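Working notes for the structure below.
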């Protein structure tokens, strides 16, 4: 069960509620986020919700049977809105666009990308400064110095930053320069990282694991939420299957299923989802039609010269065309 | 290489071409379809296309390196159109709709489905009379008698029939009552069945294997084409992956990739692709946006009472809503 | 439930049993095999086995809840023995060896292989005369003429033949020349083929589908058994996964699980299971240790020159070493 | 290329070698481990090994084309031996046994397990004190306090400890109480953790990712090795596939392939590999036959009462039987 507490509730009243829940043989967990305070109760016994519901200090109570409770759609009535400030939001039922290169390469590249985004009225720029690479000898990103340069240029332009955080110690290091922390597909079940991101007051986007299940992705989100951070997004980025004609298999089903199961915004990453530049567009449009609340994709002035992922990166011209079509597709979806 | 022969070419001239190709150490296969006559040459040596191209009787010559040649987009310039008669066509760049129950259950069910299709201006009805079932004790379909009843009612209403053929001996048996033969996902690599369907002058839709690759699906189509039947469609119906939240994983990527690799129309089957009634709609719309030339899905007056696949079958009301949205989505795609 | 009938039971008595079972709201199927006669009852109601068990003509009755009943271990007490004649058997708890080339290539190759088998006291030779190929332009096998040549030479040498049957019409054609019909991985769910193989009085080996589940393999065996043929073997030959370092992923687990679930002999095919010549040996030995009742593998005098599957085919020298190790491994397993 | 440097080489001589390699347009990485000092050169140009090989200070030079060089078998001639002290080693061609519970539960459980291990002459005990759990509400292990208790009891008994480390900060915390750090399947590509483990002078066992490829596992090992730690083992623990009859699919092929590709010892984990208690034994024996250098498995006095993974945990009686059979199987393998 999830009990939403009234704001400013006294410790004594809170303790009475906890006692009552534990008397039902439910194990309790206290959760305090930026947006509210909750008691999670986990147990098997059936009980009459009225036994608890009348208690002082309870703003709402829900019986949620899902293993992943706080992220479940079963209790949330108002659509989740993630506010990045300056009027930039990511929300259920919207279509947030995030674009940029795979890797941040330097000042010039950042400036050109920002110019491209501004021309097309995109507010959020993606890019990696810490790159997970399967070989230790590959380029691993410009690190926090790169991030600082990027931040300076982005702030001047009014652009928000989403970038991957790979380990706990980077959270603080990156804090001042990032608007959304991204958890990459290799870290979806890095539970310590998730726990620590739960203690931060900045939004987090969690990518689905390389062969993670939908249930596991929700579990990872539950980690962050239950550790205190409600500002969460899920990201479908394709899964590993036997098929070799594409880099990953974009799980279009997952978008529809995640939207049903969770109240968190679902972002689609068609660049990794198919991994083939020529086909990023149709897959991106399909994701919007399937219900995605946003799209994150890779673009670079000269994809052939990108330091990484060039094969799946759109040129600015392709990116511009995609943006127009994405918006029209979204409009159509809205009209349904 | 593919050599397209002029119509009415003499055997002597044809033999000269074959001799010339074999002199290049290319193994030849003669292919004669409803629409044309071809010499397929398979070999490794590079050669100057002018050595052959000037010969008498050659209408066109193409160097195609794909393993699957005749179905490759590399040689076909005009869009493939499959003509079912009475003005009903399935074509590249179009959006053919095919709907109906999983299993044909009887006269009343057929009549109701036909009425639903006619109200919504759908010309092709799907349904199974031979059902592949993993247990020998399950209902295996009404067989050819069911097909005959269906045919009678469909013809009166001007509706075309697509239904699954499971073995060679059924091809002839079903011939008079079927407009499109469907090869099911368990028979995608039933090469003898494919060979025999190549000798028939009715269209064939080949479903991708349960865990078949895109390459294998094209190989199966090459079987039918090279045995003489050009009237072919490919169908993406989801693949088997580790994910258990959906029945299959709809491979949205495959639609884009198949459209690039082959000139054959690509039909999407969202019912099997996700296997969850509530989510058939978003997946179907996504498939159109990804470039599908048609959609085949399951509908039944009372899905809860369907003899099979009820969990993924739309009610007529849901079907009607879907049709409207599919058409609007297709219009948008067309406008791009 | 499975009711085993006494031999020579009158039709009247049999009908009484059927009536009784149907009165319990169980759907019945009559099964008559080479070895016995059974009534299968499928239903959901619980019932007291004594209501039926006392009836005249019942030799045994078992409550089996598995979907695949006749192949389930739950009812069979005596180990399954498949008798190929001339003292050659394949049986639960034994270790049958079957070896030979991927494709039958001609008289000389057959003779050399037979000589190799005889030197090593192997009684069953494998080889394909009908080859399922993903491209219609590939070599598809020598066909029935090849089989006849092979048969003649094998019979003279006292060697039994296992070879793949690809379609219904081949069953009769091959009948006189084959000792075990093999159903290939692409035909595991070719239900019409399975039904017809159920009517034959020769043993059948069913390979697991390319990405078939264990449950589906048992379902396919149930088809053959319930159509009348008890002389059945299952074959684990690796499954399709995301891993590209091997041709397939040998599912060693499946051997243990199949042995638990079914009374049918389980044969391992390490050649296809890993697809890499140098590693066939360790995988083969592992399969025996995991409980396989037999091993089928590919060998050729000069693997580099084999017409197909050379990359996973052992030379005779490697084959000889393998056989010795297999036998010692089997001895050790027996000693446990 | 890998250049092994002579011990005690002067910085000047080392620099000369680096300069020479970089003059060939090879990117260099210096690696210093407990056992030696290496220069890794990565580049594409072919070169004559004699250009460098004669230089002062080079103990050995190898051209290794694998992406993962230091862990490749291509350069290592002497078998890798990991020395845990007190005569306990894990080595190529040996059969190290490690057993114990999934989770460390308390003093009594530890004592009983130690007694069981000592009776059966097993020197290494496994157990988790930090448990990766897909739900934040599940038991996450006793933490470092549990480890300290365990360490005290194990040291008294002369037993070595292998346990999972989940994040960088735990490395130091656990350092005094652990003999082998285990990297779990969810952290196989936690590259920061791998980097830090490279700086430690204690052995590391890396589990294959839940759906990691063999190549990725080697890449993860290359991270640790190139960061300075040669005392490494690889662990095959089953992969995620579509098959639902077992928890994972034990990739028996991977054992043979890893042994070919790398000089690192390969340990098999049949408990996770199949996830079914009754079948752990046959799978474990199969792994030894396939070439594993060791086996790690779960055992508990009363598996039904284990705090986690009870369904795949052997009782001490089953464990004892398994140990005897493992040793006999290893003896047989040795005799080949």
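Chains here go by letter, A, B, C and D, matching the order in which they are written, and residues are numbered from 1 within each.
Keep in mind that, in the parts below, contacts are C-beta pairs under 8 Å (C-beta built on N, C-alpha and C of every residue); 3 or more make two chains touch, one makes a residue touch a chain.
Computed from a predicted structure; not experimentally measured.
Asker: Of all chains present, which has the mean Cα position farthest from that of subunit D?
Answerer: Most distant chain from subunit D: B.
Asker: Select, from A-C and C-D, the pair of chains that is joined by more C-beta pairs in contact.
Answerer: By the number of C-beta pairs in contact, the winner is C-D.
Asker: When the C-alpha atoms of subunit A and subunit C are each averaged to a single point, how far apart are the two points in Å?
Answerer: Going by mean C-alpha positions, subunit A sits 50 Å from subunit C.
Asker: Could you give the separation in Å between the centres of subunit B and subunit C, each centre being the mean of its C-alpha atoms?
Answerer: Computed value for the inter-centroid distance: 33 Å.
Asker: Once you find the CA centre of subunit C and the CA centre of subunit D, what distance in Å lies between them?
Answerer: 38
Asker: Spell out, as numbers or ranges, the residues of subunit D touching 2 or more other chains.
Answerer: Residues 211, 215, 240-242, 244 of subunit D touch two or more partner chains.
Asker: Over in the complex, which subunit A residues touch subunit B? Could you list them?
Answerer: For this pair, the touching residues of subunit A are 211, 213-215, 238-239, 241-246, 249-257, 260, 273-274, 276, 278-279, 282-283, 285-291, 325, 328-329, 332-333, 335-336.
Asker: Touching residues of subunit A toward subunit C in the complex: what are they?
Answerer: Subunit A reaches subunit C through residues 211, 240-242, 244.
Asker: Could you list, by residue number, the parts of subunit D that touch subunit A in their complex?
Answerer: Listed in rising order, the residues are 27, 29, 40, 42, 67-68, 132-137, 166-169, 186-187, 189-193, 195, 209-211, 215-216, 219-220, 222-223, 226-227, 240.
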